[in-house]
Amino acid sequence: MTAKPKVAFYWCSSCGGCEETVVDLAEAILDITEAVEIAFWPVALDYKRDHVDAMPDRSIAATFLNGAIRTEEQKEMARLLRQKSELLVAFGSCSHLGGIPGLANLFDRESVMRTVYLDSPSTANKAGVFPQTHYGDNGRTLSLPAFHNTVRTLDQVVEVDYYVPGCPPTPRILRTAIQTLLGGDRPAVGAVLAPDCALCEECPRKDTKPETLSIPEFKRPQDLLIDEQSCLLTQGLVCMGPATRAGCEASCIQGNMPCTGCGGPTSRVQEQGAKILSCLASLVESKEDAEIDQVLNTIPDPVGTFYRYALAASFLRRKTLPRVQVST
Amino acid sequence: MRNRQLIHAPEPHEAFEPRIVAFFCNWCTYLAADLAGTSRMKYAPNVRVIRLMCSGRVDPQFVLDAFAQGADGVLIGGCHPGDCHYQEGNYKALRRYHLLQRVLRQMGIEDDRFRLEWISAAEGDHVRSVINDMVEKVRALGPLQLNGMTEDALEEVAV
Amino acid sequence: MKYAYYPGCSLRGTGRAYEESLLAVFRALDVAIQELNDWNCCGATTYLSIDELTSYALAARNLALAARDRLDIIAPCAACYLVLNKTQRYIHDYPDIKLVVTRALDAIGLKYDDRVRVRHPLDIFLNEIGVKAIASRVTRSLKGLKVAPYYGCQIVRPYATFDDQRNPTSMDRLLEACGAEIIPYSLKTRCCGGSQKGTLPEVGLYLINYLVEEAQMNGADVIATVCPLCQFNLECFQKEASSEQNPLSTPVLYFTQLMALALGASSATIGLRRSLVKIEPVLEAKEIAYA
Amino acid sequence: MPDTRRPTNGSDTDGIRIGVYVCHCGTNIAGTVDVKAISEYAATLPGVVVARTYKYMCSDPGQALIQQDIRDLRLNRIVVASCSPLLHEPTFRRALDRVGLNPFLLQMVNIREHVSWVHLDKPAATAKTNDLVRGAVRRVARHKPLQKRRVPINPSVLVVGGGIAGIHAALTLADAGKHVYLVEREPTIGGHMAKFDKTFPTLDCAACILTPKMTAVGSHPLITLWTYSEVLKVSGYVGNYRVQVRRKPRYIIEDLCLGCQECITACVYKEGKTRDEFNLGLSKRKPVYLPFPQAVPQKVVIDPETCIEFKSGKCKKTCIEACGERKAIDFKQKESLEEIEVGTIILATGFTTFNAARNAYYGYGRYPNVYTSLEVERLINASGPTSGELVLRDGTRPKAVGIIHCVGSRDANTNRWCSKVCCMYSLKLAHLIKERTGADIFNFYIDMRTPGKGYEEFYDRLLDEGVHFVRGRVAEVTEWAAHPSEKGKLIIRAEDTLAAFVRRIPVDMVVLSVGLEPQPDAQAVRRLFNISCSNEGWFLERHPKLAPVSTFTEGVYIAGACQGPKDIPDTVAQAGAAAAEALALVDAQFVELEPYTAFISEEECSGCKSCIPLCPYQAISFVEEKKKATINEVLCKGCGTCVAGCPSGSIQQNFFEDEEIFDEIEGVLAYA
Amino acid sequence: MDLKRTVKFEADRDPEFARWISHTVGGERIRHCLQCGLCSASCPLSLHMDYTPRRLMHLSREGFKEEVLSSAAIWLCTACYACMVECPKKINITHLMYALKERAIQEKFYPKRFPIPVMAQQFSRMVRESGRITESWLIVRVFLRSAIWRLLGMSGLGWKLFLTGRMPARKEKIKRKSEIRTLLASVAATRKELAL
């Protein structure tokens, strides 16, 4: 019998939820292990980097890499796995679009460090010690991977063949993704392995949305008792569904929560945030600057709302810090 | 992905000349710009006009892309409120402008770099004053540095 | 509401009656004022022809003094009123002037503030107090007194903020409220010649002549003025300006003297005695008490 | 970020063969922009096969040059860098079409109006041009072949305004067999011209030449005349406008009224008591009246403001008795709304005269014998209030008359513009007044403007007649006499700038030659018909020289003084032109609409309905069975608002696709 | 009769003067002048003027400095602003008259003992000294320095005014006179620095 194609999973800057998805495949994972051999999966099996180094180039059929890239180590591993793999798959919102970690691009490295190692209430660090890349101790030096100023998507670091969207991707999406990749005719490189259509398509509340809709004020889930039947936009909630790729079977809406956009945009849209912004702003009734402002004040954090998952992948990628001198 | 060439910040020795992209509606502001021409009014050469049928066609993506591609400022010109050739388009533009301005603010881009102006077909002089004024304001702000772009090129070291 | 009162030089000289009567009216209508602390000459129109920039600085000092006390200015003298307003306007319009002025003020520890409003008594009486209120306080109606309202130039031109440039009526309305009868006077804004009488007498006299003559022909008992120089010219030189075929003798009073009279002030306190052409005979003829 | 779209042509130019053509426009462009450098640079851009410059690209040889290359070099995309696309885009599109290249594979770069005419610095202007050309080259590679839409045209025409312009346009169209709706606000047509006595420079009487045309309108089988009516609403698009007209009640059943005017004689008012609008208040009329003898239609009007029956309901109604069997009077009449469909619209809404009271120093309204020129027209008009006798308010004849030009013209305090007609009509009035009264006439003018056939000759004639001309703007008109000889007169004070001293000239009558102004409701009207106004408030023509009667709204034309001050000959000429334009459009039977419409790709649409409220023309509808939105191409006017608003990028707009615009943005910004 | 050349050569023009007038405060629009003469006609003093305001506008913008600065007209202007408010081109004529006077005084373009400049100079001197004007003293000073007979002619009136208390002998002055000096010094300094 011929050797089974090798598959690898790796975890960069993310919460690990994507790894859960793999586990959530439940018994289905058996069918997969039938079909493939898991060659590298640090979270579950004891592999070290040298194992990967040892592998010949492109010997891994497909690597599913989850998480964004924000440290030297992650960048190195991304490059290494790229080199060793036939296909590199950005797995989940973080590697696809930057995901939640990408929101750190509203700050710079210094303030992130400060928050984590000084300011956060749970921290006791009187000495004000910060992580160092190199630490010398009688002749021997220890080194830590550098921490980047900017969080980047996987494809901002290495070429990516396919994308599996979602935070995390549903087991169903993953299963179909793996099947498509193993299957004969693969979609064009660069494809996102989910329906190329907005979420409303599969939203159970689709029919309850009226043809004309104007929004007097935007609400947040905690502001109201959310009706379980009617379209969330009509209830004044910011639902990213219209601008978000389908495939998740509207699981959040099933749970009576608005879509926050983890599926990313459709192939026809460059920037999900800009599009939902354009769409929602048009629904504001007023023609007066003051009134418009009043309505828009009900969206306290536009970037956090419209770019929750895709900030790192956006046109601007990060907040521009006036006159930042990037140390080289 | 879109070919995003790195933004070359202009060499220190060459004086900074703002680059501004303008989206003008076909019926009012573009005509006003033509009028400014036929009346031989003189204004700063820093603006590149892109003609759209209506300010309502301006997709926020265009504005963000322009900045990402190295524009130091973006100007939208439409018909005066109530005068839109398509009745309502300029109001849509107005609302999108306000929300987008908020996003840009959060992203650290100064208000003066993104403007929406109502300029009717008869207001050639207004085109001149708006452009001159914006060029000066943006010149004062200096070049827009999108670190998000430039850092790609650089290996970073830790804190 | 309190105002900084800016008398200007003339009200301390030829125009003393203006100041006396004005203060009387302020009292009668309880307008709260305080004299602008250590005010200086506004530079008048004369200064402009010597040294424009300096004149703005001089005027601006007064504006700054008022700003320091957070008060608006009341400037009864037409020249002062114009110069102060004009200074504000030019400081606003011309950056160079602004720079010169701010530096100069800075040198004497003052700051320019464009929020100070320079207003004329006509404006205050009409728009802050109002004809109704004034009419209600009239104790001696000027009934039957035929008044030719003479505005001259600089109150309404070029910065008429509270009245029509070509056909001002603020004084008309105020004096009507006092019971007086306003006669048509087509020359109400024609220039009196300013200081020309002093410098080029023949010119000055010609203007004075037709101004008084026109009023007299239209049957004016008195000409009411709003400016010390106008009053001085029309009154003091009308004899010199008259010809034997029609001798001129028409009293020329400040509108404030007439108002004060109507509001019950005693003639002693409103400078009637300072007139060269006496009004008393007229008042007696019209049976208007003035003691 | 993923991108399954065709990569931008920077990296792939397969099959794309672009030709770039840079126009010198004489020295208009070449004077400020280094055209040679531009074409050399353009030649280096990806996809560009050839780049040339030429003195006048829009000329036949220029176009031939492009067509030649298209054939020889198999070009399939064209970029022309010349003047504004609004001027020559049609020209070059036709050029492409003639050699079988789809006209929409063209992109124009505006380097004249937007570059050479507005910049002085040659290097900067050239750099800017480079960027714009680069943008166009990138963009044009994305262009797709498009077809214009053909929609049938409704052959009937709406003419708004019944002055000489509207009358002439209506007759021209009706005589050409088109059905015309003529809508006039007043109870009669005729406009200002009907008020005039004689017309310059030929001095033929206005009525004699106007009334035949008026009656022709009234009786023309193809003209539906609605006086005392106003346009309320306009919708639709070129070739297919829907118009709503409000017809005010005149309390007379028009079909029954014969215009015998017996009701007027019979009215309980023995004498007129109300200001006669037509005579500008120089005479009085009764509540029931005919605006003037030759009014068309010859139907009386009842003015509810002054009619006793309307005020008290207790009138003897002698008018009804007088009308008797005809029963034409109907006090219960209500306003009615008419809905009509027309293919094209001609606006001939005319002008209004400057309110002379605004120049207080001329004493209009203060001195009884200060008149406006229009009032004098009525005074010397045989059918006017004094039946042609030019007399002062007290009935005596003036011995000296002053005519003051430029009242409300050429004056930053009122209207900056020259009203064009005042000099000539002032000369006319001077002649007529002299003729009728033998009075001394003084014309006070700033500059005497008599361009026009026979106009200067007319001026000479006036000089021969001994009319005085004082070159100077009058400072004031006053009763104040500075000299015994001036007592009891109106004194005009002006500098005789040719003599270089100030003069005071006593006269008995002053005529203020008031300028022309846009109608007070011009702004409302232009909004109604979706056209633009100049800063002054005149309707804006599509091009001051080449499209003087067209507007930026297809199928809406303008004629007469609503576009700017004009005398009768110019007005009539323009009305004819507007009618011809309308005819040309209508007779084509079809109109071609730009294909810039938006379209939704069905499989991509998620049916989120976000786009539906964005369309002002209700062109987008939701298909329930498919649960997708769809756009009605005929209703779509191509603004693109829905495209920008579609959150899943499933709507695109022809010629303005996202990709085309993204590439243009990148093009203009990419560093060379 | 004495004939003098009235034909003007270009050499008679002073282009610098023309440039100055259109760049000085108030001169912005002088090139728009229509030469309509509304200014002259609305001017109450024009009846005595050798050149009407209209002609002054044109002569100035053409640079005929001699004619303009030596004309009596500029001294006749009483700044009543009648011309300015009605000017159809919104030219700030009154202010230009000031500018011309200032220039004429700087360049000594006026007859000896001509009272108006004397008046102006004495006025400013008095302001510099005491911060305020005392009319009585001003008049005396002016007349001493111009035509003495006028003072005599005035004496009758002067006496009356004195009696009615309108000619107080007491000099008006401000408390902080030094401020005026500092103020003027600063203005002079800035003017020098910016070459205004």
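Order as written gives the chain letters A, B, C, D and E; numbering starts at 1 within each chain.
One rule holds for everything that comes next: contacts are C-beta pairs under 8 Å (C-beta built on N, C-alpha and C of every residue); 3 or more make two chains touch, one makes a residue touch a chain.
These numbers were taken from a predicted model, which means no experiment stands behind them.
The minimum number of touch steps linking chain B to chain E comes to 2.
Considering the contact criterion stated above, the chains in touch with chain A and with chain C alike are D. Centroids of chain C and chain E (each the mean of its C-alpha atoms) stand 23 Å apart. Here the CA centre of chain B is 54 Å from the CA centre of chain C.
If each chain is reduced to the centroid of its CA atoms, chain A and chain E end up 78 Å from each other.
Annotation: 51 Å between the Cα-based centres of chain C and chain D. Listed for chain E are residues 47, 82, each touching two or more other chains. Shared interface positions of chain A, i.e. residues touching 2 or more other chains, are given as 155, 269-270, 275, 278, 282. Across the assembly, chain B contributes residues 1-2, 59-61, 65, 92, 96 that each touch 2 or more other chains. Pairs of chains meeting the touch criterion are A-B, A-D, B-D, C-D, C-E, D-E. Interface of chain C with chain E (complex): residues 9-10, 12-17, 38-41, 43-54, 57-58, 61, 90, 94, 96-97, 99-100, 103-108, 152-154, 157-158, 165-166, 189-191, 193-196, 198-203, 206-207, 236, 273-276. Residues of chain A touching chain D in their complex: 96-97, 153, 155, 160, 163, 188, 190-192, 196-201, 206-207, 209-214, 241-243, 246, 265-270, 275-276, 278-279, 282-283, 310, 313. Across the complex, chain B meets chain A through its residues 1-2, 59-61, 63-65, 67-68, 81, 91-92, 94-96, 98-100, 102-103, 106-109, 142, 144-152, 154-159. The residues of chain D lying in touch with chain C in their complex are 360-361, 478-480, 482. Residue ranges on chain D touching chain A, taken from their complex, read 1-5, 603-610, 612-614, 622, 627, 641, 644-650, 658, 662.
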